[in-house]
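Below is one structure; the comments refer to it alone.
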Amino acid sequence: MKRLTLKTGVLSAGLLVAAALFSPQLHAAEATADAVNAYAIDNFFLFICAVLVLFMQAGFALVETGLNAAKNTVNILFKNLMDLSIGAILFYFIGYGLMYPGGAFEGGWFGFGGFGIGSASSEIGAGVLHPAVDFLFQVAFAATAATIVSGAVAGRMQFKSYLIYSAVLTAFIYPISGMWKWGGGWLNTLGFHDFAGSLVVHALGGFAGLAGAIVLGPRLGRFNADGKPNAMPGHNLALSTLGVFILLIGWYGFNPGSQLAVVGGDNTAAVMIIATNTTLAATAGAFVAMMFAWALFKKPDLTMGLNGMLAGLVAITANCDAVDYNEALIIGAVGGILVVSGIKLLDMLKIDDPVGAWPVHGLNGIWGGIAAGIFGGKPLMAQLIGSTAIPLWGFGTMLVLFGILKAIGILRVSREEEMKGLDISEHEEEAYYGFEIFTTQ
Amino acid sequence: MKRLTLKTGVLSAGLLVAAALFSPQLHAAEATADAVNAYAIDNFFLFICAVLVLFMQAGFALVETGLNAAKNTVNILFKNLMDLSIGAILFYFIGYGLMYPGGAFEGGWFGFGGFGIGSASSEIGAGVLHPAVDFLFQVAFAATAATIVSGAVAGRMQFKSYLIYSAVLTAFIYPISGMWKWGGGWLNTLGFHDFAGSLVVHALGGFAGLAGAIVLGPRLGRFNADGKPNAMPGHNLALSTLGVFILLIGWYGFNPGSQLAVVGGDNTAAVMIIATNTTLAATAGAFVAMMFAWALFKKPDLTMGLNGMLAGLVAITANCDAVDYNEALIIGAVGGILVVSGIKLLDMLKIDDPVGAWPVHGLNGIWGGIAAGIFGGKPLMAQLIGSTAIPLWGFGTMLVLFGILKAIGILRVSREEEMKGLDISEHEEEAYYGFEIFTTQ
Amino acid sequence: MKRLTLKTGVLSAGLLVAAALFSPQLHAAEATADAVNAYAIDNFFLFICAVLVLFMQAGFALVETGLNAAKNTVNILFKNLMDLSIGAILFYFIGYGLMYPGGAFEGGWFGFGGFGIGSASSEIGAGVLHPAVDFLFQVAFAATAATIVSGAVAGRMQFKSYLIYSAVLTAFIYPISGMWKWGGGWLNTLGFHDFAGSLVVHALGGFAGLAGAIVLGPRLGRFNADGKPNAMPGHNLALSTLGVFILLIGWYGFNPGSQLAVVGGDNTAAVMIIATNTTLAATAGAFVAMMFAWALFKKPDLTMGLNGMLAGLVAITANCDAVDYNEALIIGAVGGILVVSGIKLLDMLKIDDPVGAWPVHGLNGIWGGIAAGIFGGKPLMAQLIGSTAIPLWGFGTMLVLFGILKAIGILRVSREEEMKGLDISEHEEEAYYGFEIFTTQ
Amino acid sequence: MKYIIAMIQPHKLTDVKAALAEVGVRKMTVTNALGCGSQGGYTEVYRGVPSEINLLKKIKLEIGVNEEYTDKTVQAIIKGAKTGEIGDGKIFVFDLPECIRIRTEEKGNDAIG
Amino acid sequence: MKYIIAMIQPHKLTDVKAALAEVGVRKMTVTNALGCGSQGGYTEVYRGVPSEINLLKKIKLEIGVNEEYTDKTVQAIIKGAKTGEIGDGKIFVFDLPECIRIRTEEKGNDAIG
Amino acid sequence: MKYIIAMIQPHKLTDVKAALAEVGVRKMTVTNALGCGSQGGYTEVYRGVPSEINLLKKIKLEIGVNEEYTDKTVQAIIKGAKTGEIGDGKIFVFDLPECIRIRTEEKGNDAIG
């Protein structure tokens, strides 16, 4: 249940320079002691949830770093740092106003509510969110969407192209489709349900990543001439596992926080149920992915278990408010199967997605949307439309963007640079200076 | 002060298939605005504490990984991931109902309150916890108990046997003895005090680990033919240190959260005092363990300082609500001495516990229980009984389980597999692909 | 807005043995349900913020570890562990009473309010903090100040000297200058504004570190005979990046928590605005530092981006309550430029600060104080005085302390010990046992 | 018998191994090495301080062969490793008076393969 | 003088060192290596993709000895490393015309021990 | 031609490289190694258990040279590595019958430099 109310005190659209004038005003109207307490609780709640979601940046950075070669470590870490940094700045200036245009531009497809963050209303009470914390929570989501792509394009993309991509996604692509649902746009009008962003955040990122992986082509040596895939193992599964645990923790901000309020019996109950559903789906995803991969490949593969936990988390994100505990287990379990199958599918299609960004976020994002129809009682048709429109938007726009970057010749590094590793060739910096690393790999 | 009230809306025990019918209902009775706020605060408080405790899984994974050889990294990480995953699923189905049977089966030793999570009562107010968050908090504790063993049996146990152990512990062993105290069983009736689980969680895990270490026998090369111990140093003390810091952070959910409510002057004060006591005991444990080991071995040993901090945390867990600040320092300091002595003791007994799970959780769990008698003013006899009964239960049942696994020949890996490392032999996967590792070690 | 109220129930100064008598009392006066709720919220809020700040210890440990050579890893981790451990114990006994002397000793320069933590007042309500949580929050700040120095003196200082330094800083140096501002001392009287400690915490630590770096002299090989600097790259930038993300997360406790209350419309709004300002300054710092270093050195340097994020965070700390969003972006951006320039400046001065502790915390601490005058509307003269006095105090006292340690010959390790690395020579323990490490470096 | 030591570019190992297999040479020992040669090096800039890296990552291959294999082996290494660019590497050929297989204690020509 | 290079199983290093110490050989240089031989290899399956690992971890031992020690040294290595199973490793013996101790600038037989 | 293998103290590599450059030797291969010699070792105490570390970190240098460079090279290594203290290391000089530059397929004296 994302905020649909109009932005209060929306600033009229102006020039970027005008941004220098935006200063928040602090004036709280008289309110009862109860309302004051409730206002404090709800804003405090969303603040903590925003912090948890921001922590996910560390999780993504570690998962992706660990699942790639040591020679690309600096590059991946840097991309994640910049997803957040560029993302926060641009989402502040442009994205936030695009995603929550309020009544600024009528119409369900596109609108702009102005630069920066609106000033606070004088209202105080339960469920009233200060614009600053609303922004903080939203910007953390935007950075998440951006950073998903980082893993899919790892090991071969030029750093400056990545920065361009990241800026475009957080400033335009994500907020526009986000507005369709959470900004009160056409998908919302249609009755489409995406509680915390299986589609709006994850599938968008997952399909943007898929577009990137396709346009870039696979890493050198990932597929033989005859199409047989080669394993290119990650260099540090301890970091990846820590990353998944951090993501799990962050998801307790992502899903429960999307209730946007904890005060009020129903809100309190919803937050708690969402948290437990999230846990059950995550653990079912991890367990089932392990068992399924074990049956297929005859050995328990840690990376599949890790991807399975993330798959369960993505799958429950759209519907965690609408399903019961047992359904959460089923949704997570199916997520675990889907992610393993998705990884095999990409291998068959000769698409190189080093960390499984598409199977985790793309495929399971769609599954989460559909599951909200199957189990959550949401109108199935609306769910199907939403679960198609957003992935298509992400995939299509990014195909164009990556295509342009390719056409002007700045998308992919040279063969030699790729072999040397992006850390040396793009950053002239080693991540593990002093460690001896097998250089054939 | 764990929940002793009966589960509301307990479902009658049924078949597993029946589980598919459990759906939580959301109906909140009319309540005053104050009560609504208080309800939100207390549930929000426990939710955040549960998240902090869940974060401890990452802490355990890192501590254990870092203190073992690089060749067993994937195995250890995977065990921790599955402790949580299998644990959550089984605790949901079985363990939770066993631990909090309510009035289902009379008698202080064993009872079953039904599968799954009960539905919420219509009551709203301070101290009322939604079943979903209560479950979340409890399941995090169960996973903690399970994961303690992982370190003690590292480097030589078959993965599938570990999964069996983990399932049995979280589904049966932990909930049954947990019920004796927190479920309102005989230890509770006796007046035994274990505020947050020095015994119920830590000593149970620590002694289960000891049983595992004994039945498995030491790792190859850990003791010479003449009984002299050899050092088998950990491969990444940066990860272990990070793990300890994460555990410290997690403990702020573990201990303060066990107050189960923060609203009400006494509750608020108790939570804050518990948090400070936890801090003082942890830091005293780290400092004293360092100094004691420095005096004994003539050099400051980081791993002893790390174990010392954990020892202080375990020791304060049973009594953090009942002692004052200076007592907390003393309890932690004694913990620091005990952990160093315990590590030496195991060496003398030729028991191989690679991470010191027993000295940290077993020995200091008991110390925590006794300290509640000495400093916390709890009846000493009840403390002694509780501090004996639970360790014995954990040790005895696990001796049997590990004995059975050994008898059917699936407990330990072969000599060659152990030398190669469990990552290659059990998972066909390296944690640090590309890094050069000295293989003599 | 740090606490300026007098400590309630302050204990008269006594001998350390007397400390054994301090036990907190729990008696809550009758209060309205609203007040009880408000009391719970504010204390819960500060408790969570304290936990976040404590998490920063892990962040510092990782940043410093990663930016140094592998051979000094154990040493750095251990120093961080002990900063917290020794810090908490000594701040409990001495520092807290020095920093918040209440009316004990009149006069704005020095006072002592007694050992330990005062007992709680019977008051209950919004903004009333339990002494236990107030202590917890303050002790986390003290440990932060201490641990900043660890990075600046890395790789060449004797461990026992470091412990002496750490004890002196947390017991005396930090609390005394802290009292000038937050304890109601002369800087506070003057109207100096330092909201969350750009000066009180960061500049103090940064300048103490500078003193250490100067007295110790550079690491072997850091500067050639002709004064040309040599690069001594860090050994694990993945850990450093994780550390920066953890510090970012911790800062959401550091800055918003310094409001000390979230209940009350103005408090709620302030906390949220502070959180968003913190985010914007951090991200602007990271982005601008990257761009500026890219322009200067012709390549995007991750470590500069990381330092830039920290620089933005330090710079916004003093003024996050007093500036608007756009000003926060500017303050962070300037921080990003300052940190890169500061690193070059130290190279020119042949001062070896391995992690950039002074550019990040010292230089940007001062910038934060001045920015509170420029943008925050605080009296510029008071800001200049405060931004000079505290750095001078930290630098001066530490110059003396490090000078004494040098004079008695226990400051620096021998040439050979430094070459072997502190892990072997000071701790006889390797951090990465089994990994092959290029030893020429 | 001869003992051949070859320094090659890391990313050429796969090709060299394939070329060796073609001529029937399947036994070898591989180590990581750093090489200094006419290839120059590259500059890293760490925190604003440039530093010259002139030790480049190389693979060192060691192969003991019977006389009649010497030439084939050298040719195979060249085939797999040669690109014509600086840094391709070098082959050193030594006399090997004795060789023992530990498992069987066989000696000389019987032991080598 | 002779220069002995031996590739052995990593976990046999302790035994080989003990056996060498018995015959009075205490000076040596040890490196990590990857070996390819009749031992085959093993398969890793990473994310569903099987890959053949045929470079196995080995230890490379280098020992310079005086002529009269040559045989003792070879025998000691065999004693410590032999299990009779594939993968035990190999010993290569070279002529060593010259040896210099850097510390003293001694040469030849005096320098080697 | 000669092939020189030298084990030196890790922190002396820079000095040795500088000394070699002075006499015009710029091509070499460097590896990490562990050495066992008269230098003894040191004790680590891990969790109360002392363990003797007698394999110390060393750098192994390999240089192929033409005959006339042999002496200069040896002297340069000594100059750069010698401190007069135990552990300075050792130099081994081998005959090198053949050397091939992979890039050009040149052989012998032309290939080595």
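Just so it is clear, A, B, C, D, E and F label the chains in written order, and each chain counts residues from 1 on its own.
Just so we're on the same page, contacts are C-beta pairs under 8 Å (C-beta built on N, C-alpha and C of every residue); 3 or more make two chains touch, one makes a residue touch a chain.
All values derive from a computational prediction rather than experimental measurement.
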Number of steps on the shortest touching-chain route linking chain A and chain B: 1
Copy pair chain B, chain C: interface residue numbering same or different (half cut): different
Centre-of-Cα separation between chain C and chain A, whole angstrom: 32
For chain E paired with chain F, centre-to-centre distance based on mean C-alpha positions, whole Å: 18
Chain centre separation in whole Å, for chain E relative to chain C (CA means): 52
Two or more partner chains touched - positions in chain A: 34, 37, 41, 48, 233, 236, 242, 299, 301, 303, 428-430, 432, 435-438
Where chain F touches two or more other chains at once, by residue number: 30-32, 44-46, 58, 94-95
Touching chain combinations (by label order): A-B, A-C, A-D, A-E, B-C, B-E, B-F, C-D, C-F, D-E, D-F, E-F
For the chain B and chain A complex, residues of the former touching the latter: 19-24, 26, 28-29, 31, 33-34, 36-37, 39-41, 43-44, 47-48, 50-51, 54-55, 57-58, 61-62, 65, 73-74, 77-78, 80-82, 84-89, 92, 116-117, 120, 124, 130-133, 135-136, 139, 159, 236, 239, 242, 426-436
Of all residues in chain B, those that touch chain E in their complex: 419, 424, 428-430, 436-440
Chain E residues touching chain F - in the complex, by the definition given at the top: 3, 17, 26-32, 62, 64, 94-103, 105, 111-112
In the complex, chain E residues that touch chain A: 34, 44-51
Interface residues, chain C side, partner chain A - complex: 32, 34, 37-38, 41, 45, 48, 52, 69-70, 126, 233-238, 241-242, 244-246, 248-249, 252, 256, 262-273, 275-276, 279-280, 282-284, 286-287, 290, 299-303, 305-306, 309, 324-327, 329, 432, 435-438, 441
